[in-house]
Structures are given as C-alpha cells and as structure tokens.
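Two complexes come next, and they have one chain in common, chain A, joined by chain B in the first and chain C in the second.
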Partner chain A sequence: MKEIKVDVAVIGGGPAGLAAALEAERRGAKKVMILERDMELGGILQQCIHDGFGLHRFNARMSGAQYAQKFIDQLQDTGIEVKLETIVLDLTAKREIYACNSTDGMMHIQCGAVILAMGCRERTASQVLIYGARPAGVMTAGTAQRYINMEGYLPGRQAVILGSGDIGLIMARRMTLEGIQVKGVYEVMPSPGGLTRNIVQCLDDYGIPLHLSTTVTRIKGNKRVESVTVCKVDENRKPIPGTEEEIPCDLLVLAVGLIPENELSRGADIEMDPRTKGPVVDNNFMTSCPGIFACGNVSVVFDLVDYVSQSGEIAAAGAMRYIKGELPQCPEYREVIPGDGINFVVPQRLLKDCAEEDVTFFMRVKKPQKKVYLQCISEGNIIKKERHNSVAPPEMLASKVYVNGKGSPEFRIVEV
Partner chain B sequence: MAKNVYTCVVCPVSCTIEVIPNADGGFTTEGNQCKRGEKYAISEHTDPVRMVTTTVKIRNAILPRLPVISEGEVPKGKLKECLNDLYQISVEAPVRCGDIIVKNICGTGVNILAARTMKEKN
Partner chain C sequence: MVKEIQKIMEDFHVKDANMTADERNIVTLSGVCDSWQTLIDVGHAVAKVDGVKNVVSDMEVEGLTIPKKNYEPYIKKGKEIGVIDRADVVIIGAGVSGCGIARELSRYNLKIIVVEMGDDVAYAASKANNGDIHAGHAAKSGTLKAKLNVEGNRMYTQWSEELGFRLERCGSLQMVTEDRLVPSVEKTYETALKNGVDGARMVTQEEAIQIEPRVEAELKRMGKELKAALWLPSMGVVEPYEVVVALAENAAKNGVQFLFDCTVGDVLHEDGQVKGVVTEKGIIEADFVINCAGVYADEMSWMAGDRSYTIHPRKGTIAIIDKTCPPLFSVLGGITTHEPTMKKNVESKGGGMCFTPEHNILLGPSATEVPDKEDVDTTPEDLAYAMSRNSNEQIGIGNIIRIFAGTRPADFKEDFIIEMSPITHGFMNVGAIQSPGLASAPAVAKMAIGILLDDMEKNGKRPEEKPDYDPIQPPKLDFRHMTHEEQDALIKKDPRYGKIICRCEQITEGEILDAVHSLVVPTSIDAIKRRTRAGMGRCQGGFCQPRVLELLARELGEDWVNITLKGRGSNVLICPNRENAEEGGSRS
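Let's look at the complex of A and B:
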C-alpha cells in the first residue's frame, strides 16, 4: 500500500471541495490533495447546463458548468494535487484515508486535516414506495439530467415527473426543449417543493401542468414503462380511492429529494444531525471528530451553489486553524437553537470559548410567510434583526451574526 | 384578451404584478415591491426574453456533448429557432470556456459561448 502524507485532504471535487482546497492553499497549506472518484472535477455542476448559478458570488447569470470552470481554472496556478478516478473507501477518526485508483493502487493517506465534500445524492424509487414492476424507464431527475446534458441521449418520449423539487422542475423544461413530451409534474404535498421562480420559468412558461396533493401509486410495464397510475391524496398523504388515473408514458422521472452522502462520515463515527442528515458541525464547520470538517451538500443540502462554495471556504479556514493548533483538541460546545418558525440551523453549535467573530448561519424556515423579521437572540438580547419580505422552506436563509464568546444564540421568525 | 398578470422571477419574493396600459402607449405596474419587478413585468408583457442554454455535438472530446450558453438574452419567440440551429452544428475539441460557438445567432445580435472547457480525447 502506498503511504502518503498531506496537510489537507479534500474528499470530493465538486464546488464545495474546489473552494475548500483553494482556500486552504491561500491560507498557507503546503500540501493539499483533492480526491475525486469521477474522471473530472466539478461534481454535479457539470450536468447543470441551465443558468442561474453564481448570482451572489459573480453577479452574473452563469450555468453550472461555467461556475465550476471558474474554480477549476484557478487550480492551475496552485500546487494543489488532484487525484481523479480515485475513490475514497474508508475514513478513520484519526484522519486517515484509504483510497484507491488504477495508477496508485491502494493508498493510505495521513492528513493534518480532512475536509468532507462528497455532496448529496437523490432519493430513489424504492425510497418512495411505489408498487408494481421495476421496468426500464424509471430514473431520478439527476440521472435523466446526466443522460441528456452530458451523454447526449434522450431517455424517453413521454415523461411523468414525480416530485416538484427544483431539479425536477429544471428537468421538466429541459426535456420539453429536447422534444420529450412532459405530461405533468405530480407532487404529494399540498405545496410545491421547488422555488416559485422555477415553477414560473420551467412549468408555466411551457404549459406543463403541476398537480399538487397527487402521487404516483403504480408503475405498469414489464420491460419498459408503459403507464403510471396517479392518485389524489388526503391530508395524511393517503391515496383517495376512486381518484386514480392511468397516464401512458415511457419515462418516470423522480425528483423526490436529496440526501447528503455520508457513508464515509458514519464509518468514522461522526455524530449526525437527524434533521439535516449531515454531520453536526460547529462554527468552523468541524464535525464531532476533531480535524475532520464537512462542507457543501454533505453537511446540509444547500441548493444554492454560492453558499456551497462559501461553506467550503469556512471549512478550509477551520482546517488551517486546526493544523496550526489554534483549536482545542477536546472541544466544548454551546448549542445554536432553532426557535419559532425555524426548522434547523447550520452550524448546529459554537465552540464554547471562541473569540468574538462573525459567523454565517444557514437555516430553513418551517413554512412560507410574508413580511417577517429573522431575529437572533443571545443571553436575552436581540443581537441581529433582519427584515424579509418573504421566506419559504425551499429558500435557504443565510445570516451573518457577530457572536461573542458566551451564550446560545437562538434564531426565530417573528411577524412584522 | 392578452395576459397582463405576471409573477416576477427576479428575486424570491415572487410578486404578482399587473401591467396596465397608459393612454400614452406606455405602461404602469401594480403589485411589484421594487423597480426591478416593474422592468421585468413590462418586458414580459411587451418583449419577453430568455437565456439560451443547451448542448451541441462535439467531436473528438472526452464527452459527446458540449454545454453552451447565450451571452445575453434572446427574444422568447426566437428560442426554438436558436435551439434548432444549435442542434445542427457540431464542433471539434479542444474548446475553451467562453469560446464563441455561434456568432449572432438567428440574427438576434447575441453570441453563443462554450460553457466549459473540454479537452480532446486522448
């Protein structure tokens, strides 16, 4: 087995990993290594050819691939080592990585700090409990996206989309433009999972119907999908008998949500947050395992790539603090509290005696609301108050708060 | 009657905006919370525009398709025509992000650019 020593190892070369590696080098790391299992860098962004990326960071309407290219180009002038087609198999709590590829064989990499940036993956058919056979023509929106945008073939002629998450909406438009007839988007919940903007731009603009409180209950077809049965559901998401409708199609696209990819994190016994399905992180995006950091969609599904890059930079700054011995070996924490109207906040906790500093908190609200304040309260004082004309669960909020060394900050939504 | 109510897509507030014709041939808007919404809704009403993002065939590259993006927006009515033109063409690797793939697509005055760098197959 090949023995390697690095200052910072980054697992995953998507936008989170790229930003983290670049920031670690900028902050003085001598040996930074990116380990990526795909044949190129960029992660999921390489299949996102639509525009809308980088609005915050570059103030431009870029496609996902363009956004990734900006970071990939920056790598050229650095000493960052990139290992492609390299899969990380195991991670230990002592910051050792076991990885392999076809040129180096098995590698044992000892790291000053590890940054997890493995991204997320999509929920699949078996996770949404649809009855019937498993013929060809059932795939996740991301798979359809990869087939169409990267590999250049059309996975069907007539599609039904289950789930109204943003990737599903984007794919409804994309498939329509490519000549696939999209029969409709079916969402089990009473409100759409994606952003209003995407419903307007991707469905309404092309006359694609959105059916709320409706789900797919059965798939018909032996070799290939021939039709699906859709059915209205009640408040408890139970199908209402008599409302079934059979829709002929040869493609069922699933856009039923993303889950952080955390097999490696679990292997290292890193504490997980059941709400975000990612590791619990502190203000440096350090996990419960000292020296192991997490960023991007492996820590929480961000959906806005600008925040993904930002989290990579925060984690890299933390990793460098750790390497320089500026972080405690046995850290003590105070919790960050999701209060009224807030579903979760990342980071979930702050180091107990951290100096006064600006911390960016990322959070999701519980329900859509107009004209509210987002408040942060610490030790009985309102330390931040921001007005929002509109908040909704699909839209993550980011709030920079100057925190002092004490207290447990609580975030809450109050009406104006 | 033509449509005159639009949902603004400029920011997440998603205002519902009504476009009302004036006597002088101009328009006023109602429902928008800011100026950007007024501009968007009037443009949607009079001259809607869209970005073009798709892929074109690429030869001798690591992948069969190259993503492309328009430098700016094109009239919505020309979107299909632009896409059809792009489906006809084929480029040769290597390509650099930002290279012009089609100049002045369909007479819109807008260039189509490569949206990533793609190396040749080795």
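Let's look at the complex of A and C:
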C-alpha cells in the first residue's frame, strides 16, 4: 500500500473541488492532491453543454464545460497533483484517506486537512414513490443528460419530465432540440422548482407545458415505458382521485431533487444537518470533525455554480488556517438561526470568538414572496438589511455580513 | 365430495357453476364469479374438501378478461426452424428449481438443456423474494412444503460451501412483550416441533439477550420485558440470485446447456410419452421434460396433456432500505409489541422485516392475488402493507431505495407439486414452488432427481455418474468486503480491480468483466446487477448504468442501442443522436 502525505486532500474534482484546490495552493499549501473518481476533472459540469454558467463570477455566459475548463487550465501552473479514476473508499476522523486506482493500487493518504467536495446525486423513482412497472426508459435527468450530451444517444422519442428543478427544465429544452417530443413537465409543488430564467428560456420559448400541483403516480410497460399516469395533487401533495390522466410516452425523466453524497462523511462520524442533508459547517466551512471541511453540493445543494466555487474557496481558506494552527483545537460555536421565512442557513454556526470578518451566508426561503427585506439580526441589532423584489425557494440567497460581537445572527424575511 | 363442492360454489354465488372430477380427483371448476378474489376463495375452499387432489379453474370473472398467454407465435417460429437438438432431459425454467435440478443432475452422464423465457437465470420469482432460508416453522405441518423446507434448509450449508455463495445463518428470534401475543409464538413453536425444525426452542429473556445482546438495550428503551421468545437457529439469509447464478454456472461447468429468450410454446407427447418441446428457437427432442416454469407451470403441464392444477399468481411487494439504516439486530425476527396493523392474505405466509447478507433491510413482501401472471406492478396498497411490517422507528418511506414486486406461483392446494405425470410419462411437474421454494430448493432438486432416476432405473436406463463432475464453484471476488491490504494486492495483480464502476456498492470493472466472461453470460444491465450488485445501491444505477452499458457493449461486441435493461424489448437507448455524427460515443 502506498503511503502518501499531503497538506490538503480534496475529494472530488468538480467545481467545488477545483476551486478549493486552487485556493489552497494560492494560500501556500505545499502539497495539494485532488482525488477524482471520474476519468476527467469538472464533475457534472462536463455534461452541461447549455450556457448560463459563470454569470456572477466571470460576468460571462459559458457552458458548464467551459466554466470547468477555466479552472482546469489554472491547474497547469500549479503543483497540484490530480489523481483521476481514483475512488476514496474510506475517510477517518483523523484525516486519513484510503483511496485506490488502477495504477497506484491502494493508497493510505495522511492529510493536514481534508476538503470534501463529492457533490450530490439524484433522487430516483423508488424514492419519490412512483408505482407500477419498472421498465427501461425511466431515468434521472442527469443520466439522460449524460446519454444525450456525452455518449451521443437518445434514450427515447416521447418524454414526460417529472420535476421542474433546473435540471428538469434544462433537459426539457435539450431533448426538444434533439428531436424528442417533450409532452410536458410535471411538478408536484404549487410553484416551479427551478430558476425563473430557466422556466422562460427552457419551457416557454419552446411551448412546453408546465403542470403544477401534478405528479406522476404510475408507470406502465413491462419492457419499455408505454405510458405514465399523471394526477393532480392536493395541498398535502396527495393524489386527488378522479384526476388521473394517462400519457403515452417511452421515456420518463426524473428531476426530483438532489441529495448530497455524504457516505464518506458519515463514515467519519461527521455531524449532519437533516435540513441540508450535508455536514453542519462553521464560518470556515469546517465540519464537526476538526480539519475536515466541506464545500459545494456535498455541504448543501446550491443552484448556481458560482456559489459552489465560492464555497470551495472559503473551505480552502479555512483548511489553510487549520493547517497553520490559527483555528482553535476544541472550537466553541454560536448558532446561526434561520428565522421567519428562512428554511436554512449555511454555515449553520460561527466560531464563538471568530475575529471580526465578512462571512457569506447561503440560505433558502420557505415560500415565494414579493417585495421583502432580508434582515440579519444579532444581539438585538439589525446588522444587515437587503431589499429583494422577489424571493423563492429555488433561488438561493447569498448574503455577505460583517460579523462582530458574540451574538447568534438570525436571518429573517420581513415584508417591505 | 361432489355435493360439498357444489355447495361451496353455491355459497359463493358462482353463476353457471359446473364441476368435473377425473379418476385422480383433480377437480375442474367452471362458472362465473363476481370478483377475482371470489374465484380464488372458491378454488381454495374446493381444494380443502376431503379427497380433492387439486383444483383446475376454468372459472371466469364478471367484467374481467383474465389475461391468457398466446403461444401460437412461439409454436409457429419453432416449427419453422424445426428440430435443433436432442437431449436426455429438457428443463423448462431457469429459476432456483430449474437450476437446482440442472446442477444436481449434471453429475450424471446425461445431455441436459435448460430453456428459459427470460434473458437470464432467476428472471422471475427466484429474484423477487426476500432471500430467507426459512427454518420450516411457518409451513403447514404434514405438507410436502414443510418436509422439503426443513430438509432444504439443512442442505443449504453444503450448497453454500460447494457453490461459493454467501449463506448467513443468522437465526431468528421471535420475541413478544405482551401476554396476548404469547399464544401465537407458542403455536409457531408447536409447528416448528412438528415439522422437525432444527434447534427450535423457547428461550428466556436472559437467553435471548445472550443470543443477541442488543435486545437488552432495546427492551430497556421500550420499557418492556419479554413475555415469550422463540429461537430458530437454523434460519438464514442469502441473496437469492447469487444462489441461482452459482447453480447455473456450476451446471454449465458440468455440461448443462442454457438457452435464454427461449419460450416454450408446446410440449410434444405421443401415446402417453413425452417427446420434447417446441420453443421459439426450434424443437428440442427429449426423453424427459422437467417443468419448472414457475407461474406458467400449469400451462406447460396442460400442453403435456396433464391438466392437473391451476397457478394463481400471488404478488408480493418488497421495499429495500438504504444501508445507512442497518438492521437493529444481527438475528432475524424482532420484538413484537402489538398485532399486525394490516392483515396478511390468509393463504400466504406473507413477509415481515428481514435483511440481506449485505445488511439492507427488506420490508414485505405483501401478498395480493392478481389475475395477470405478468403483473409485477407495485401499488400504494402493497407498499403500505410492506411498510406496516416495519418495527423500527428510525425507518420510514424516505429510506427506501427500491420497491419491487414478484409473483409467487401458487396453486389452490398451496403445496408443492413434484411428480412424474401419470398421464404423460417422461413429463415431470415441479410446480407451485412458492415460498418457501428458495429454502426448499436443494430438497426439491433431490426429490425430483430421485423420481427421475427411479424411473430411468425401472427402464434399465440409470445414467452413470461422470468421473469428472466438479461440484465446486469458487466464491466470487468481492472487492468491497476485502481489507485494504487485500484490495491493494488484487489491484497489483490485475489493475481492472482498481477501477470502481458502481460507486454506491463499490463494484469494480474487474468484477463486471468476470461476470460477462462467465459460463452463463449476462447480457442485460439487470443481469449484471444480479451478478455483481452494480446498480443496486442508493443511486440505483444513475451513475453507473451508462458505464455498465458501455462495458457490456464493448465485451459482447454489440452496438450500444442493442443493450437492454432486462432482456428483449427493454433497450435502454433508441438511436444515436444524429445520423452520420462524427463524434459522440464514449470518451474512453
């Protein structure tokens, strides 16, 4: 078994991991290693050939692959070591990694700090309780995207999409462009799951109907999908009998949510947040396990890649502080409170005696609202107030707050 | 007998009711029932009448077309092709019964061909069950089932050692905390004693805690004491498809031929002697035909001129729980505090909570009578039943990674049928092998082969044992269960084991290639899944399906669009994106 020592190991070479690795090196890490399970860097961005990436960060419209390439290009001038087709099998709380690939065999990597950037996976048909048969022609949007964009094959001719999250919307347009008839996008919630710009650009522009408060309840066809049954749902998301409609199709694409991939984190007994399904992190994006940091979609599912990269950089900065001994060995925390109208806030907590600094908080609201203020309150004072013309759960809010004092900051939505 | 049967049909308001009985007391019923459940109830009631050997149902249901398989296209195709081979024994069906018999029979100097309608072994009931190797405590005493269950359970140790599949003899501890629940445990114990279940005994709370120390903490948490506990040490679990694949591969190693996508359309017989089978791949002549056709066994028997039972499919739905919710105990069973909230089908054992050798919890199966033998649809009702068997508060709908259903091939006698047909010599029924068919499989094979060899001997044709028969199948490599040192050594020896294809279950390219290049070739994505577990994890193949598809296409020399999910007609991809596209295809 190969024994390896590194300053910073980054698990995952997608947008979060790439940004983290580059930032760690910029901040003086001598030996940075990226462990990537796929055969190339970039993660899921490589199959995102649509544009709209990098609006915030580069002030440009790029495809996912282009966005990733910007970071991959920067690697060349660095000493960052990249291990491709390398899977991490185990992570311990003592910052040890067991990973393997075909050329190195098994590696035992001892790390100054570990940055988790494994991303997320998609929910499946069984997880959203679609009943009926289990034929070919049922797949997640990501898998359909891979077949179409990377492998060059069509997985069907007539598609129904369940879920109006961004991936579902993007795939509605993508499949239409490839000649697949998209019969409709169905969304169990009363409001769309994706960004407004995607509703407009991916559905409205192509005349693809969006059916809200409607879900797919049943799949028919023993070999390939022959049809799906859709059904209106009540306010508790329960199907309303009598509203069933059978829609002939040969492909059901599921865009029903993303789940952070935290199997390695759980193996290291890292404390998880049931709301984000990611590790509980502090203002350095450090998990409950000292020296192990999390960023990108493994910490919380972001909707913009720009934020993913940003979280990678925050985590890397934290990792370097940790290595340099600038962080307390036994950290004490104060909680960040999701107040009225706020579903969750990441980071979930701040170091009790963290120096006065700017902290970026990422949060989602509970429901769509027009004309509101996002307020941050600490020790009874409003320390930040931002006006938003509209807020909605699919659009994550990022708010930079100058944190001082010792209080627990609380975020809340207040009507104007 | 006749009067009693007529009364039953009257009581159930069967219209135009009629019955006939042959000299064996096989009773054939006709008439119109008001529902499918009534038809099933009538069949069961008649089967219980003294003297009735079995029940054939020609009954119909008002307003319901009972789906019937049309065999004509298969017959036409087979006859056009003509005779393709001749065998001593043809086995219909590559489930655990068919493959078990094939493997046990392969020690003799016989030409054996297994024909299977699916694209792989364990295509139907043998894959869609919870893998329990039942102790034999649940089968009705005095039945063939009860006898073969206990015997088969014992024989599994040898099968597992020879064939290299995992058998976890975890035992079952059935514990109750309420006085009113004690009689049911005691009744199970009595049945276990009657059936001769190995090691069955009632244990005290202290003994229960010795067997499974975690019981103590759980009782403490519940604030309860055990009122009764039954220990069944012989209970075990397997991955059912692992068993069938191992049997098939060992059979193939010893000369058995397998034909997949090979539906039997007719059974040839002349003057009371079986002559062979007409399959969609041509006619195979044979001296013996063994019918292990699962839900279609009754139809095969009818084709052979021996219409002696009806299979009514009983669907079972199972929910698989993510490994992040491990089983509470290392034994099956558990602590019961109240009566089941949903009643199970009275004729079925129905299932509860159990786990696989990989320690995924399984909930179910349910037991629902359905008219269609191909109906393996999941329903909200069946899932509700499966979830009602959950006794762990930590587990909910959100922890499910997969729901699936299969059909049990039940007859109205609700017992196994293993016999040489008295009508058509050479045609042997191994029918109605429903639960505990998996646990009984070694004993079923032994009994079937006994009947076959006796018959051959009577005609002076007892086959010789092959000197080169090899009963051993080396265990499959499983990377995920090795130590890191072992994994390192394996990758050094063969780098393909260093490439993980299925992330969730940590399945390597090497393991998938081993499967593809085995003696019984898996050609679909699900067949690879059953052999290697690739795609069985929480992402359900979202990440690895394209890579498995790519490997299958490459290794089988097939175009991507020809690779199926689960056999004919289930192609994953339709066509390339664009005609004449220069680029595309895989990056590798």
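Assorted remarks:
The definition used in the following text is that the second predicted complex is superposed on the first by the 415 of 416 C-alpha atoms of A that agree within 3 Å, B and C clash if a C-alpha of one lies under 4 Å from a C-alpha of the other, contacts with A are read in each partner's own complex, and residues count from 1 in each chain.
Keep in mind that, in the parts below, contacts are C-beta pairs under 8 Å (C-beta built on N, C-alpha and C of every residue); 3 or more make two chains touch, one makes a residue touch a chain.
Bear in mind that the values here come from a model prediction, so they are computed numbers and not experimental data.
Of the two partner chains placed by superposition, only chain B is touched by A:A68; chain C is not.
Once the two complexes are laid over each other on the shared chain, residue contacts for A:V200 go to chain B alone; chain C is not touched.
When the two complexes are overlaid on their common chain A, residue A:E40 makes contact with chain B and with chain C alike.
By the touch criterion stated above, A:Q158 is placed in contact with neither chain B nor chain C.
When the shared chain is aligned, no partner comes close enough to touch A:Q369: not chain B, not chain C. When the two complexes are overlaid on their common chain A, residue A:E395 makes contact with chain B while staying clear of chain C. When chain B and chain C are set side by side, the one touching more residues of chain A is C. Judged by the touch definition given at the top, the superposed model places A:D51 against chain B, while chain C stays out of reach. In the overlay built on the shared chain, the residue A:M150 is in contact with chain B and with chain C. Shared contact residues of chain A with chain B and chain C: 39-40, 148, 150-152. Residue ranges on chain A touching chain C, taken from their complex, read 1, 37, 39-40, 85, 87, 89-90, 98, 100-106, 108, 121-122, 124-127, 129, 131-137, 139-140, 142-143, 146-148, 150-157, 178, 218, 222-224, 250, 263, 266. The residues of chain B lying in touch with chain A in their complex are 7, 9, 12-14, 33, 51, 53-55, 57, 62-65, 67-69, 83, 97, 115-117.
On the chain A side of its complex with chain B, the touching residues are 39-40, 42, 46, 49-51, 61-63, 65-66, 68-69, 72-73, 148-152, 177, 195-197, 200-201, 204, 389-390, 392, 395.
Listed in rising order, the residues of chain C touching chain A in the complex are 324, 374, 376-380, 383, 397-398, 400-404, 484-485, 487-488, 491-492, 495-496, 498-500, 503-504, 506, 538-543, 545-546, 550, 560-561, 564-578, 581, 583-588.
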